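Several structures are given next for inspection.
Shared between the two complexes below is chain A, which has chain B as its partner in the first and chain C in the second.
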Partner chain A sequence: MKPKVGVFGASGCAGCMLSIPFLEDEILDIIGQVNLLSFSLIKGRNINDEFDLVFFEGVICHNDDLEVLRKVREKTKILVAFGSCACTGGIPATRNFVDESKFNHLRHKKMDFIADREPMPIDHYVDVEYHLPGCPPSQPEIVRFLKQVLLGKDFRPFDKPVCYECKLNRNRCLLEDGKICFGTLTQGGCDAICPNGGYECWGCRGPAQDVNIEEVYTLFKDKGIPEEQVRNRVTTFMGMRMKEHDKTLKLLRQDQTKKQETKQEAK
Partner chain B sequence: MSNYVLQKEEFSAFFSQVSENYDFIAPIKGKETSFEKVTNDDMLNLIEWDELPLFPIKHFFQPKDEPIFKYDKTTAKDVNSKPRKTVLFGLRLCDLNAIHHRDMALMNEDFTDPFYKERRENSILIGLHCKKGDEYCFCGDMDLHDFFDLMLYEHDECFIIETKTDKGLKFAKKITALDRTDKAIHANDRITENNTRIDKEKMNKIADFFTSEKWEEGSKLCLSCTACNMLCPSCYCFEFTDEPELVLLHKGQRMRNISSCQLKCFTRVAGDFVFRKEKNDRFKHRIYHQLQYFKEKHGVTLCVGCGRCIRGCPKRIDWVDILNKM
Partner chain C sequence: MTNTIKLNHICKIEGHASLTLGIEGKKVTTCQLHAIEGSRYFEGLLLGRQFVEAHEISSRICGICSCGHNIAAIQAQERALGIQPTEQTKLLREILTLGERIRSHATHLYFLALPDYLGYESAIAMTAKFKNEVAAALKLVKLGNDMVRIVGGRVMHQISCTVGGMLKIPSKADMLELRKQTMDCFPDAEATLKLFFGLQYPDFKNESEYFCLQEDNNYAMHSGRIVSKSHTFEQEKYHDFIKEYQEDYATSNFAVKADKPYMVGSLARVNNNFNLLTERAKKMVADSPYTFPSFNPFHNNLAQAIELVDALDRTINVIKKLDLKEEKVIQPDFKQEMHGISAVEVPRGTLWHEYKCNEKGEITFANIVTPTCQNLRNMEKDIRAYVEQVVDLPREKLVLEVEKLIRAYDPCFSCSTHFLKVKWVK
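And then the complex of A and B:
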């Protein structure tokens, strides 16, 4: 029996979903190996079936997203958080680290039915079997993951940092040039694709297993890079996954609830 | 064994003669110097003659991932790997000794790695005498041996070439750009300046410091980026993964990948148990493997004193300094 597979998305750019049809060399073989029941980019969307494997893309940032996620979770054996947004909250979750006053004017004021909520990775709400991080996820890793699932094996996520692959590719360390590269912080498996091209790593794949964030901050401090700049960049992809950032998050939340309370009192 | 001479202006002729039968790998300047295959004459201008390349020759002997065998359900088949004949040019004494130590680990009486053996047998090691160490290296403290097929000593107009092995002599005879010479290698030629830094007495007593708290000074700075392992010419640890084919899932190949002892995953065993959980233990393990455990087994330290692990570390964690202060 071929496994029943679905691909769903919450709020996001659909870039992670696109990386599946963009697997040009393997896509026909993949389609032959699975029973694809739902994939809005290739065929219809079909949320009422039962699935063996679901790739779930995007961040949960309004109630409709949550409804879809919970419905999918109920009927799925293996749920995969697919891409940065689903795994770590990604770029949308940066909002959680910014004061409300700074983005309030961007809201759709006339469309109250868009009930937005704090952007959260999907495992904040439901249990997730696997994470395939990346913005977008690494294509070789998607194939590797699929093979393991088809074999009925446990998939082991890549457990070394980006620097490991970067050094094996014999790249010059971008930290030496004073760039804010998060290779030391970030889970590898992407073949260090950004540093290979001379661009610093932004940490889209989430934190590595052996992170030493305090020393990363002092490293940049010693290089004369303002700490706030580094902190902001950490929150771009990894804020929701850094314990060290929890404090900032808590303070901000307390601040916001206080403000809301005072607003209501004023009303 | 007899010595040869290579005029500097004939280097291009030397290269073209060698490249007829061999791949020519040399330290090539780029954003960072590393050993790359030289494919044309223009690249000869990019050869780094003076400084130690940051990236060692390791990737030639231990590729990022290499297939070990192919499998099909229950049968296994050898992978056909016939490495091309290769000249490894411009190796410093530290790099050469790292290969020597790798030989001890991977080509000894108990165990021979066939892939490594084949690569070694098909390669000719041409050294380049290192005149001056950098601020991190300490090869003068490490009892390095003369281990090479040919070694180049730079003079004003020419290189005097010392041959050490039959393989090297045979090679030198074939290349007409190399002329025989009666000139001997002087003691002056063999000097490498500024290459001692480690306290040898403490290094030999390193077992006594295992419980020292001073190691924490280094390990607390460690970012677990694995640069020290990846840049070390002598680190050789590896792990295996299976790579099945997509359509015929029962077929596939087993791959060997480089591993790093600075990560938790290095000691993760069945049941998700990690037996070197603390960063300090992992930090110490690398240094103790280099300076003690290997010595217990093979009689020499694995470390060759190239200092790349310090030079390439984002935090410049100087374990030599920590050891000296013990």
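And then the complex of A and C:
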């Protein structure tokens, strides 16, 4: 029997799930190997049965998102947090570190606020079997993952930072140019695709193992880059993951949580 | 008695949306298109960030239009900073926009729209019987993706574009390869257009105000003035025409001109700029039973197929003009408060980015208006009129027809979900 597969999305840009049909050379083979039950981006008839494997994209930032996630979790053997938003909260979760005054004016005045939640990665609410990080996830990694998992094997994520892959590719080090490059901080597996294109790593794949964030702040400070700029950048893709390593971020987050709680009590 | 039809989670569109329809007798009393995406507050998250970070962050609004958001943000910043990008930079960005248009139109036409017309639930279900069509679709998607990958460095959320230039210049060999690949795809693009000329579109007419960019000698993508039948204005003047607007049933934007809806996208571009299409595209239309301007919103699919042929021609022309050489990125200089606006023709229509920054180079204001949020009101208008025309159909068929109309617009609800409301006042 072919494994039953689903692709679901919470709030996001649909870029991660589009990365699947954008595997033009492999997509027909992949579809031939699985029973694609649900993928509402490209299918009209979607069956919510038990799943062997589900790719889940997006950040949980309103109640509907959470409802879908919980339902899918119940029925799924292997749930994959797919892409930055699902793995780390991605860019939307930056909001968890900034003052509400920055985005309050964007709230919908006529709609009930209750539906809106603080953006969280999906493993904040449910257990997941695998993370495939990245904004977007690396396409070769998606294929490698599928090959392993469809064969019933375990998938092991790449265990070295982006910097390691970047060196192998013999790129010029962007730190030398005074760029805020997070290659040293970030989990690899993307083949250092951004530095390959001359662009600094923003950390979209989340922190690597054993990061030393303090050392990184010192490094940028020595180059004359204000700490606030560096910290803003850290929050962009991996704030929710880095707060355990970065005391200031942890405090910022606690501050925001406290404000939310006070507001809830006032209600 | 009111007969209420609710379509929850409409499939084969980008993002999440649903529709509530109230029908009394043969009249539509309610028509509400709900975007049910969570709010991501991009325009708020940009505040206080470095000006030159805007394009990286705002490209995440949408996967399929990521190049468009990226370029619109960069152009707005460059206009604010008074940076004039080089001819080579402009041409490379054109390849990105064309590549994005090719992959987006091919994806939409074959995977989202065509199954409706052929009576399948998805393109996957079509693969056995329509092998050649699916192969053509994947070939065109691959061409578009390769264009973005070679020039932009990555298929999704490209990385090479930056304020003042390109971080990496593709090699001449890559460009030759791309030219060959584009030439190889002409039969597929032409077959696509012929296929869409051959489909049966519902007999439905509902004239809209069609807005898009226009230039005198170019099928405008990145610059020009905004035109419709009765309006012409410069990009910088859009605030004179647009004011904020909110609905209580949806989390996305609605843009309305003098409380009248308007349409952006392929059909608007082909209707307004038909004469500026390439000769091949124009000739294929002339040999078909169709003429433009067309007031049938279902013909947006036709317009996309026409633009597909046009985009391939245009890609060859751009590659011909390119004589690639290394160029330095022009560095921004922040001295005072600055303000920039840019409109870009992305696959689904005119996309607006506007930013202000202070003398430290920090963003103090960001406003982004996406094509789908401009089209929502017009979609509702067309749904109302179309439902009244086909109201006698059995319910299941009626629902499918409505979905078909929504999909013809190629809406993207990922993009349209943000809270700055827009209203036309003139």
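A few comments on the model shown:
Going forward, the second predicted complex is superposed on the first by the 238 of 267 C-alpha atoms of A that agree within 3 Å, B and C clash if a C-alpha of one lies under 4 Å from a C-alpha of the other, contacts with A are read in each partner's own complex, and residues count from 1 in each chain.
Everything that follows uses one rule, which is that a contact is a pair of C-beta atoms (placed from the backbone, for glycine too) under 8 Å apart; a residue touches a chain by one contact, two chains touch by 3 or more.
Remember, it's a predicted structure, so these values are computed and weren't measured experimentally.
Model built by superposing both complexes on chain A: chain B and chain C fit together without a clash. In the superposition on chain A, A:Arg73 makes contact with neither chain B nor chain C.
In the overlay built on the shared chain, the residue A:His124 is in contact with neither chain B nor chain C. Applying the stated contact rule after C-alpha superposition, one finds that A:Cys194 touches chain C and leaves chain B untouched.
Touching more residues of chain A than its counterpart among chain B and chain C is C. Remark: least CA distance from chain B to chain C after fitting both complexes onto chain A is 12 Å.
Of all residues in chain B, those touching chain A in their complex are 30-32, 34, 55, 59, 64, 220-227, 230-231, 243-244, 246-247, 249, 258, 260, 262-265, 268, 279, 312, 314-315. Residues 9, 11-16, 36-45, 47-50, 53, 56-57, 60-64, 66, 103, 107, 111-112, 115, 120-124, 127, 134, 138-139, 141-142, 145, 152-157, 159-160, 162, 167-168, 246-248, 251, 412, 414-415, 417-420 of chain C touch chain A in their complex. Contacts from chain A toward chain C in the complex involve residues 9-19, 21-22, 24-25, 27-28, 31, 36, 40-46, 59-62, 64-65, 90-92, 94-95, 98, 102-111, 115-117, 119, 135-136, 139, 193-194, 196-199, 202, 229, 232-233, 236. Remark: chain A residues 26, 29-30, 32-33, 143-144, 146-147, 150-151, 159-161, 163-164, 167-168, 170-173, 175, 183-185, 208-212, 215-216, 219 touch chain B in the complex.
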